[in-house]
Amino acid sequence: MLDLVLKGDAVLPDGLHKDCWIGVSGGKIAAIGEGEAPDAKEVRSVENGLILPGIVDGQTHACSYGGLPGIESTTRSAIAGGVTTLVDMPYDNPDPLNTKARLDEKVQAIESVSHADMALYATVAPGQDNSEIEALIGGGVVAFKISTFESNPTRFPRISSAQILQIFEALAPTDIPLGVHNEDQEIVEFFMQKAKAAGQNGLVAHSQSRPPAAEMAATAQFLELGAAANAHAHIVHLTTGRGFQLVDQYAATGFRSTGELCVHYLWFDPEKDGERLGAKMKVNPPIRPNEIETLWDEILSGRVAFISSDHSSWPIDNKLTPSIFDAGAGIPGLETLLPSFYTAAEQRGLDAASITAEMLCERPAKFFGLWPQKGAIQLGADADFAILSLEPHVWDAAKAHDDLNWSPFDGVEFSAKVTATYLGGELVWDGEQVIAKPGAGKYLKRLDTNWFDA
Amino acid sequence: MLDLVLKGDAVLPDGLHKDCWIGVSGGKIAAIGEGEAPDAKEVRSVENGLILPGIVDGQTHACSYGGLPGIESTTRSAIAGGVTTLVDMPYDNPDPLNTKARLDEKVQAIESVSHADMALYATVAPGQDNSEIEALIGGGVVAFKISTFESNPTRFPRISSAQILQIFEALAPTDIPLGVHNEDQEIVEFFMQKAKAAGQNGLVAHSQSRPPAAEMAATAQFLELGAAANAHAHIVHLTTGRGFQLVDQYAATGFRSTGELCVHYLWFDPEKDGERLGAKMKVNPPIRPNEIETLWDEILSGRVAFISSDHSSWPIDNKLTPSIFDAGAGIPGLETLLPSFYTAAEQRGLDAASITAEMLCERPAKFFGLWPQKGAIQLGADADFAILSLEPHVWDAAKAHDDLNWSPFDGVEFSAKVTATYLGGELVWDGEQVIAKPGAGKYLKRLDTNWFDA
Amino acid sequence: MLDLVLKGDAVLPDGLHKDCWIGVSGGKIAAIGEGEAPDAKEVRSVENGLILPGIVDGQTHACSYGGLPGIESTTRSAIAGGVTTLVDMPYDNPDPLNTKARLDEKVQAIESVSHADMALYATVAPGQDNSEIEALIGGGVVAFKISTFESNPTRFPRISSAQILQIFEALAPTDIPLGVHNEDQEIVEFFMQKAKAAGQNGLVAHSQSRPPAAEMAATAQFLELGAAANAHAHIVHLTTGRGFQLVDQYAATGFRSTGELCVHYLWFDPEKDGERLGAKMKVNPPIRPNEIETLWDEILSGRVAFISSDHSSWPIDNKLTPSIFDAGAGIPGLETLLPSFYTAAEQRGLDAASITAEMLCERPAKFFGLWPQKGAIQLGADADFAILSLEPHVWDAAKAHDDLNWSPFDGVEFSAKVTATYLGGELVWDGEQVIAKPGAGKYLKRLDTNWFDA
Amino acid sequence: MLDLVLKGDAVLPDGLHKDCWIGVSGGKIAAIGEGEAPDAKEVRSVENGLILPGIVDGQTHACSYGGLPGIESTTRSAIAGGVTTLVDMPYDNPDPLNTKARLDEKVQAIESVSHADMALYATVAPGQDNSEIEALIGGGVVAFKISTFESNPTRFPRISSAQILQIFEALAPTDIPLGVHNEDQEIVEFFMQKAKAAGQNGLVAHSQSRPPAAEMAATAQFLELGAAANAHAHIVHLTTGRGFQLVDQYAATGFRSTGELCVHYLWFDPEKDGERLGAKMKVNPPIRPNEIETLWDEILSGRVAFISSDHSSWPIDNKLTPSIFDAGAGIPGLETLLPSFYTAAEQRGLDAASITAEMLCERPAKFFGLWPQKGAIQLGADADFAILSLEPHVWDAAKAHDDLNWSPFDGVEFSAKVTATYLGGELVWDGEQVIAKPGAGKYLKRLDTNWFDA
């Protein structure tokens, strides 16, 4: 007998299916059907809603502030947002994930406290040689990441172009991408000092201190280093159409090049929202003015690899600093990722259900080698689901589950609400509270599948 | 209780799944699962084989020779070849399908004698106005076709460029493609007379009498007429890489342009096989020398819309004429379509199961607006399956089910064999005999889905 | 001592030079200088004007109406328009230039009656084999031309696609282009009958009877035939941006493909001028509405090979027919070519002197293998000059020198006027009358220079 | 009466003209003619040779070693090599040209000691603001240059990406290019330390210590910064086909991007010549193995802006260091530029006379805004000529005029020899000795002409 049957309208790989059922056994999707459902220990019917695959967020920072224990609250929030898989960045507090030993620690932490499944990025520290890379890959990391900008000398350091080339050469024979936080150190420092010297303070000053040129200088150099080594170069956030255009030129020339977009670049505009939100919308690279529709064009033309949250776990005190330059960059986003993207797609008259499943589930799962285990409601996949009720509701950050309880989306009306989440066939969020126990989530290793062959 | 459960290794949309089951109810795929299967009136296990979606052959000529009664033997052969859906060409003997009245007759014939499901092309006769087009579309035809070369003044006539433009203008507001038999009348006549005058006779003479220039002249003109009307222009058989390159240039410019390939262009080469096969490999446009690997490159680069058989029901007497020029063009191909393509893909080290399902099922179904009813093993689709046993076997044309009993593939060893076919959940071919009764097949109308949005 | 020195502002290959002199000896440009000029038998100073290279008109029909004697009046008009070189089309009355014998006759006529230098196109008649081609090339013809539309069964016949291919194959090893009058016979006939049947009559009816699709169907087929034979395919008049776009795609793919524009497509618009001018602006292919600025974009992007007049010598009676369909197609244009193009360029704020020398002199001379003998004021070139006075004047067709004395440009104000023409160093037009004697012009053979290497 | 008449075979803008004459008056080309030449104070006939425009070397380092006095010997050598115009780099010893005051000093030095005409690059020092840029442009500099690699902290420093962006923004509204020495500091340092640590020493070690990735990382970043500012970004030496491909992609996207090639990249190959020449062929970026024919393809496809010498005035002691890493980078090249490029072109069967005039005269003159004063034998241009005798001769570095007397070309046989040079109509090199007095050359300001409009 099946453990669970979900009934209702589901987003399957070929689109929305009305009135179907999904059978779960042993945590996996064991059957998908129409009509009479088989017996199950538990049956749930979804009314006026959608059964989506569990969301795969390709970019989170669970441990930037609170270290490995931060996994608990971050994944709790994820689960409440329908996100069942997180691909976590390596910039953990106090030390980044750059050795097999640290990978083991983080895996242990995941298994102890995570509410969701997690895959991991690793990094290489400045001056560290490549000797840990093989062990990290063997340990299942799905990608590597470095930054061309130093946010923190230990946790989030700048990696030199020489070392980037070295890392690319090590990864070139594999399918593992090297991602980059793409801002040029010198350009940012120059403009930041200029802004500070001018006594400027505020979101506009932040934005101007990190111009598109800073982003593109780092992006161009990184893509070319990837090309030189014939490795997969991935830009973890591009904020302009020009960025995706450049990535596409490299791809068209035959190089493995990809670019990712975060959902806040599709929602906020400094000219409209900057005064109201201030540091609450401070992210790096900054959100650009008047770029949203250009970025949607990039999505629809197929040039955006996938969409992520870039969730960061900064407490609000870290934002409400006297100077914008002292405020942390990054925003909480796991709980708003699905409703905000779905709403934005619907507002543009798109098939929101399908494009959400594509950009938030299928593509990130394929990108990180988690497909076909994750990313779609299909036979044999993990029984992860996000249940979306199609009812408008206003996002109240005070009720968030991330222990942060602030958000630039606070007070925004979304057209849909996450009313349940299933992880491995278990109900982990019932629309009111997170039911999963810490440690319910598991660590995910990269599978032997390849984005460029898919 | 389900009507049928099939167990075994199945090619689902995301690839091969080992050990799964497919449940059928009311002729539809009602459930797909792993593990314990639900109860069913009938259960069949497939060993050492593959459960594929029923093949959708996008190009057949069931009635060219025997008229509407030809549907019976053609679809009998189809079923024995795992082909559950045929898209039949309009060039019926004695009169082509160019009116709603004739559509009604053909639909009636299908319902009376067809062993397989059939969708239909229509055509427009020389000088006929567009007045029947709307009724034909309303009657469910999936595409229109014309020829730029006259094979027969009534049945397979040449349509003038003026009339092509007129037809394109009528179809432009719709998703319906206009296909073309792409050979230039004047060039073919010129070179044919030259060859005959020189007393040449044989496959090489045939090939030279219809040079690539004849094909490309017609192709280029047709694509441009489609572009002028902003309609969907489809080339039903391109024989060279240049052909697909030109189609791709139109597509890249933003026009709706597609090109199709037939499986014999991937198998035979006049230089190697011409002397042995003679008129048995005479098709139009001719198979070109040394082009096979170029055509595979086109497939792998995504520029081939789909693969078809172009099955023609000529008795062998029609081939064994004193002069190659008197021999009928076209070959039987329904029963060899699946094994030959699968074998050719496997020989090139490709994932033969997946590429077969893509090129012979999913893509033609999407192309002709039969998706998601046809083309994949997915929930709600028709329960059509081809069971392929992975055992080498030599094709013996004498045992074919098309009442023709000759084939250029006679004596060829394939790496797989069609050992069962299911249509709408019914076993219609058991590997030994065709079980379906004439009339088991049904007429398929075009659905409201669109190749270019897919 | 030099025969002649011209002083003033001259358009040299690198642009306008103020206050220079050009020395002529033996009919050639023997020296170009600044400052003190050498002694000469004759010295002329040009004030408030420009010394341009003699215009090279790449497309004239001197003999369509009056046969070979038509050369006299046509070239008389040319000279009065600053046109010192004509490339004449082969569609002579009563018989086209398709044999070496006819070439000899036409050369003899040129030498007897021409006022200007002339290069010649040849053609091949329907059904004629390629046996004359070599002799015609040996005789110096600069290009071949055929039509895909029959204007006249003998003089201006349609050539089949088979024969086009044959001609291309003969020309492929050479630098000789094959030009085409690019209209599809069937499409034009169809729409013309439709218009006639509807009782339509007038310029709009003419325009609609030859839609862009007729032009593009012929163009696409011709380009592809040229590509198949790897020969130089030239479209003698494209009327839309789409036409030049298609030619450019073939060129970008590596084929020898070019497209030409005639000056009337840059000046008239049927929507603005059609009612006023009627058959006086009837040309084939027709002038399209609202296309002028698109065509200028094509010129400035380098995609137009050169600009010509397509001068036709129809008496006005041939135009003032009851039905537009009976009126001759084509307009006189030699005398207005230079002032109209110069004026149109100046109106758009372009460097009119340079672009005129480029599009009306240098490029056609290079195209037809007449460079460096023709097309620029440079050492060793023929001493052909057009003197343009920069004074507005209204064109009075009654004063034209073509014995036709009508023009669609009648009453138009140009910003410049041809006040003198020199041919081989001789003053042949003094602004008032044509001084050259018939026979002053000479026949020009193609030189061994190549457009695609230039 | 003219001052001078040169007679012989001359390379005019449209190619080689046999038996013509060039008249000079007041240092300018006053007339060009054929046949009888006008009277002149002096007449010289060139037999078995070519009259070329004086060579314009777009990249020299006259003052890197000897400071401003180095101009004397450098230009003496230039004159002996047919180079009449030098575009000198700003990296002067001890201080680079980064202020109007230093420009004035260098102009004064030119006027005092230069044998040839000189145009000048300027630079901006690290941390220097843009305040001198306007005065430098006003003072006539033709371009700016920076380096992404520090060869010397004062003279040849690394400029940060932030400052590069600042400089681009200042230059964006002008036609002035910003050139770059394109090597990434970090990559070079890393590999150099690695090579040194491994005890490597020799040309191969040098080459490996500055891999193509170092060059391309700097190139990509620089091109993107130019794109961000919409300014003209120029790469002063690209050593691989990939480099020119990347520049071309930026140009095709609509950005002002160009790349230059130096003649030694077309002549030497480390695999063939490295052992023999050692540090004598050390240049930065290094010459790559097996790249010569790829670079010729780039030239012939039009993707190389022009060819230069990158002449550096290092005494041989600076080369014969114990370690290759201590040897100066750069080689003397002014005296061998013309004969080596002409010989290499001739060896490949090209029209060596025309391509030499194009790549060494016309294109650099247009690039640096010196056209039409420099770069061609045309009316009104400066009367600068290089007379090339078409006689094989072996280059003997001991006889060079640069006071350096070493060269990687020592002992090489060229197919032509510079037997005379004229500057402003004066004979300055007679094939035996440099006749010009120091100070005969003049400073050249940028004219108001634009590479991208040309």
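Chains: A, B, C and D, in written order; residue numbering restarts at 1 for each.
The working rule: a contact is a pair of C-beta atoms (placed from the backbone, for glycine too) under 8 Å apart; a residue touches a chain by one contact, two chains touch by 3 or more.
Here's who's who by UniProt: A, B, C, D = Allantoinase.
Please read all numbers here as calculations on a predicted model, not as lab measurements.
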Chain by chain, through touching neighbours only, how many steps does the shortest route from chain B (Allantoinase) to chain D (Allantoinase) take? 2
What is the chain whose Cα centroid lies farthest from the Cα centroid of chain A (Allantoinase)? C
Suppose each chain is reduced to the average of its Cα coordinates; what separation in Å results between chain A (Allantoinase) and chain C (Allantoinase)? 63
Whole-Å distance, chain C (Allantoinase) centre to chain D (Allantoinase) centre, using C-alpha means? 44
Hey, how far is the Cα centre of chain B (Allantoinase) from the one of chain C (Allantoinase), in Å? 50
The chain pairs that touch are A-B, A-D, B-C, C-D
Interface residues, chain A (Allantoinase) side, partner chain D (Allantoinase) - complex: 160-163, 165-166, 184, 186-187, 189-191, 211-213, 216-221, 223-225, 227-229, 242, 245-246, 249, 253
Can you name the residues of chain A (Allantoinase) that touch chain B (Allantoinase) in the complex? 12-15, 17, 20, 23, 25-26, 28, 30-35, 38, 371-372, 376, 378-380
